[in-house]
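In the two assemblies presented below, chain A is common to both, partnered first by chain B and then by chain C.
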Partner chain A sequence: MSFVDVEFAFFFPAVLLLYWLLPRTRVAQNSFLLLASWVFYAGWNWKLLPLLLFGGVLDYLIGNYLGARPVSDPAQRRRRSTALAISLTWNLGALAFFKYVGFFAHSFNRLFEAAGLGATLPELQIILPLGISFYTLQRIGYIVDVYYERIAPSRSPLDFLLFTGFFPQLTAGPIARGAELLPQLAQPRRLQPGVLASAAATFLLGYMLKAWVADSIGSKIVDPVFGASADYSAGLHWLALFGYAMQVFADFAGYSLLAIGTARFFGIELPINFDSPFLARSLPEFWRRWHITLNRWLFDYIYNPLVSGSGWFRGRFYLTLVLVFLASGLWHGAALTFISWGLMHGIGMAVHRGWDEYLRRLCRKDRKYVTLRKSAGYAVAAWALTQLYFMLSLIPFHAFTLTEAVNFARDLFVAHGDRRLELGAIPKVNEILCVGFVILLHVLDMPAVRGTRERLLRVPAPIRGMAYGAVIVYLFLFVPVGASTFIYRQF
Partner chain B sequence: MAQALRKALVDWLDDNYHFGDAESLIGGDDDKSFLQNGILSSLGFVELLLFLEKSFGVRIERKDISPANFDSLRKIMNYVLAMPTYRGPR
Partner chain C sequence: MTGSWKQLLVVALCALAVIVGADLFFSRVAPVRHLREVEDGVADLQRLNPDTLVLGSSHARTLHVLGQELARRTEGRQTLVAVPLENGKIVPYEWLLEHKLKPLVDQVDGSGRPVKSRLRRFVLITEWWDTCPQDAGVLDWNLPARAWTAGDFVKDVADEGITPFNRNYLQNRLRRIFNDSSLVFDRTQQTIVWMTVDLLRHKSLALSPEAEQAKVDRWQALVTNGIHCIGNPAQMQAMDQIVKFAEQRKLEMTILLFPRKPLTLTDQARSTTLPQFAKLMQDFAAARGVRLIDLTTTSPMGDGDFMDDFDHINPAGNAKFAAWALDHDFRFLLEPPPAPTMTTSK
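Let's look at the complex of A and B:
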């Protein structure tokens, strides 16, 4: 079951209604949400529910074990380290087993084959538990934060199990920090009409991005060209790549808004996951705006501890950046294409850092470079380069094999196919509106225009209601028939 | 002591990110958030931590690494000056 499935249209209103009819106590609300979350998960595969529960119970116990042994007590150091190691081994071990065993067995077998060795490892076909990549990171973040005493452990098993399995974020995040979510779960929630209205607006925006923008662009522009690359011209390859950037953004930002909106209906606030990434003027800025909760996790729990710690990586910014993005690529999927995508971004971040250091050296010597760095021309060039690099990195991200990625990249320049995209007049206008909508969302987020957006959000409720009604009618007419899954759900 | 530390911090911001404009960005408000006002990015924070450890003899504990301690001039000064090993700007 996902946010755009028919089952969800029955499941969600029933859960919401019952939730707000319950006594407004923490225990009643959290127990009910936990039960609903288990039903949601079991609806996908009940056999893997024990995996979710066992990991949750283990981390609850380890969190409290750590909480009872302060970091200031040297006698506890070894026990604390052992407890942390047990949690990390379980969480990373489960992730590695379900996500990477098949990939590594397959890769080793190809290697053995190439070396002329007869030995083969069994290539298991393992079901990837829904959301494991997301809830594993959330749990690791919690345990590490408790270990370093950044947060106190959750004393309530009920709160903690809900923290690790809250259904709106269970399948694909946003990955919350313990400090963000646990204090909310420790309090009863009150029904506030303003919050419900905001939840509905967020949910509608998410649905527009996913079901209208992502699915329209995906089915009419991206899939045809990526599916029969040799038939289309180089120009249409560029259009499809641009379309894919729009599709991935709308799909995952849409999913995130659906998750945030759904949680808000229950009075729970999840962290934002996207902040107009197509406005970014550098790769570091891009990753602060795109899949924010994953990237802050990677920086908080891998990059920062490595470069500021006392180990070999201390001060080795370039290498650590590459390592972090390789980890990001591997997190996205056990495939050479995702590893290449991660490597591209690791190298991109390292090159950006090198360039920025060089420019900063020039700025220290001569003020004219400071003026250049702040000029509109530099901003436009930096923006165009950043967005082009991201778009090109989507080639391996989309491809199933490296050969397919290389062929598509080559076809961006040499393809001569004469097949046209089969768009009628109305679908063509719809596609333009989809792209226009993504651009509008970004423009309204620019500092110079932000006041206009605030004024639009303050228009009287009846006008807003009519606008929402018109949007819903439009969606009925133009959302492609046949529910599709979310791109990030597979990770 | 506090003023010397403040000057060293502003100099570091100028030397690495703002090239003479750090003071105007801070605008006389030592509580101004570095992250929210674009004075320092999250990547820049790590470099700031390394600078503080190298220049002032302080050892920053993992548990202390958060915007609550380093997101403004005043927060940094409060944190660094409270460290027993603080040895002043070099």
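Let's look at the complex of A and C:
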């Protein structure tokens, strides 16, 4: 079940209504939400629900085990390390098994074949448990935070199981921290009109991005060209690549907003996951705006501990950047294409760091470089380069094989197919509106325009209501039945 | 940001007013056409005691009109219930028969007598498309889901999880909740936008000549290429089960090959797909002793008798078909069958 599937239209209103009819106590609310989350997950595959539960129970017990043994006590150091290792082994082991065993077996078999060894590993077809990539990271983050005593362990198994399996974020994030979510779950929630209104607006915005923008651009522009790229011109390849950037953003940002809006309906705040990434003027800024919760996880739990720890990686910023983004690529999928994507961004981040250090040295020597760095021309060039680099990185992200990626990249410059996109006048207008909408969202987030956004949000209630109604009518007309699967759900 | 309940209510009511207003406007532009669906057929079979049961795809709606003509001509002495299962395919027909129609057909009263005591005939409407493999695609049309109960849905979800297949049950339920909403119905039709634009431009809904030709080409290709998929074993096995259903209940069975729009049939289709399918069905019917009526190209249905979708017969065409069929190949319906049931191939 996802937010745009028809079953959600039955599930969500019933759950929401019953939730707010319950006694306003933490136990009642959390118990109900936990049950609803299990039903939500079971709707996909009830047989893998025990996997989710077992991991949650294990980490609950380990969290409390760690909490009972303070880090200041040297006698507990080994026990604490062992407990942490058990949690990490289970979480990472389950993730590795379900997600990567097939890929590594396939890769090793290809290597064996190339070496003429003939030995083969079994290539099992394993179902990827829904959301495992997301809830695993969330649980690891919690355990590590408890280990370092950044947060106290949750004393309530009910709260903790809900933390690890809250249905709005269960399948594709946002990845929340214990410090963000557990305190909210420890308190009963009250129904407030402002929060309800904000939840509805956020949900509607997410639906527009996912079901309208992402699906329209995907079906009309991206899929036709990527599906038969030899038939299309180089220009249409660029258009499809641009469209794919819009699609991936709208799909995932839309999903995140749907998750945030859904959670907000229950009085629970999830962290934001996207912050107008197409305004970014550097790769580091881009990754502070795109899939924010994943990247902060990677930097807080992998990058920073490595480069500031006492191990071999201490001070090795460039290499660690590459490794972190390789991990990100692998997290996205067990395929060479995703690894290539991660490598591109790791190298890009390392190059940017080097450039930034170089430019800072120049700025310290001569003020003209400070002026250059602050100039509009530099900002525009930096923005264009950043966005272009991100777009090009989507080539391996979309491709099934490296060959396909290379061919598409080549076709950006040499393709001379003469097939046109089959877009009538009205679909064309719809596509332009989709792109315009994404641009508008970003423009409204620019500091210079933020005042306009605030004024728009303060228009009188009847006008706001009529605007929402018009948007919903438009969605009825232009969003087809059965929206496609979220792109990030497959991770 | 809305800060009070009053403001929230105003926003919600204004939004609702716009949506309802738009729905009312669009219902004049593109009125909802409530077509006879499978649940209507099942409900009729539950309620009535017909002489003839008809099962088919959406084309069974034509036989519903024939049933009305039949009842008129015989002054109610011979009645027919047609159960249309949108999108067809024999496997879904067999599912529907087994799970929804058979319990009604086999129902007995307190004294052990069959409730559907008059049922003597069974007509299966089919065409080449029905014997092609089940569609695979995003929506995975599951039109038996329109005849499902909640129990059927829950069982399927327990077995398979929620899938595009069983999701159709919920799609249908949602549509039934908003039965008169043109906005809800249009999500599967996508005609409101075009009809509104044409209304504003004071132009007719007619396609451009190029678009019209492209539509013809698509249909012709569909039928011509049907040669590659007809006779799917799973579909034929289901048809066998359907015949057994009729045999076990001593029902006089007829298989009708439904008329096709002449414009959709190329010379190649007339020499490959259609005759090959006809032979398949002739052999099948002969082997099982059921009547076969092949009206694919032999009925008086012309291009003008079909709707713009190129597939279904329009209301005037239905009336024409009903009148003609009862004067010709279906005149046997006017009288009850002799007992015991005699069946012949045609």
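One rule holds for everything that comes next: the second predicted complex is superposed on the first by the 489 of 491 C-alpha atoms of A that agree within 3 Å, B and C clash if a C-alpha of one lies under 4 Å from a C-alpha of the other, contacts with A are read in each partner's own complex, and residues count from 1 in each chain.
As a working rule, contacts are C-beta pairs under 8 Å (C-beta built on N, C-alpha and C of every residue); 3 or more make two chains touch, one makes a residue touch a chain.
Given the structure is predicted, the values throughout are model-derived calculations rather than measurements.
Chain B and chain C, once both complexes are superposed via chain A, fit side by side. Legend: residue contacts after superposition of the two complexes on their common chain; A:315 is shown touching chain B, with no touch to chain C.
Once the two complexes are laid over each other on the shared chain, residue contacts for A:114 go to neither chain B nor chain C. After overlaying the two complexes on the shared chain, residue contacts for A:304 are found with chain B alone; chain C is out of touch.
Taking chain A as the reference chain, the count of touched residues is higher for C when chain B and chain C are set side by side. Once the two complexes are laid over each other on the shared chain, residue contacts for A:367 go to chain B alone; chain C is not touched. Within the superposed three-chain model, A:150 lies in touch with chain B and out of touch with chain C [touch as defined at top].
Once chain A of one complex is fitted onto chain A of the other, the partner contacts of A:43 are limited to chain C, with no touch recorded for chain B. Here's the short version: in the overlay, chain B gets within 23 Å of chain C at its closest Cα pair. Taken together, the two complexes place no residue of chain A in contact with both chain B and chain C.
By the touch criterion stated above, chain C contacts chain A in their complex at residues 1-5, 7-8, 10-19, 22, 138-139, 157-158, 161-162, 164, 167, 170-171, 173-174, 183-184, 186-188, 190, 192-194, 197. On chain A, the positions that touch chain C within their shared complex are 1, 5-7, 9-10, 42-46, 193-194, 196-198, 426, 457, 461-466, 468-470, 472-473, 476-482, 484. Residues 71, 148-150, 284-285, 288, 296, 299, 303-305, 307-308, 314-315, 360, 363-364, 367, 370 of chain A are the ones touching chain B in the complex.
Contacts from chain B toward chain A in the complex involve residues 15-17, 19-21, 41-43, 45-46, 49-50, 53, 60-63, 65-66.
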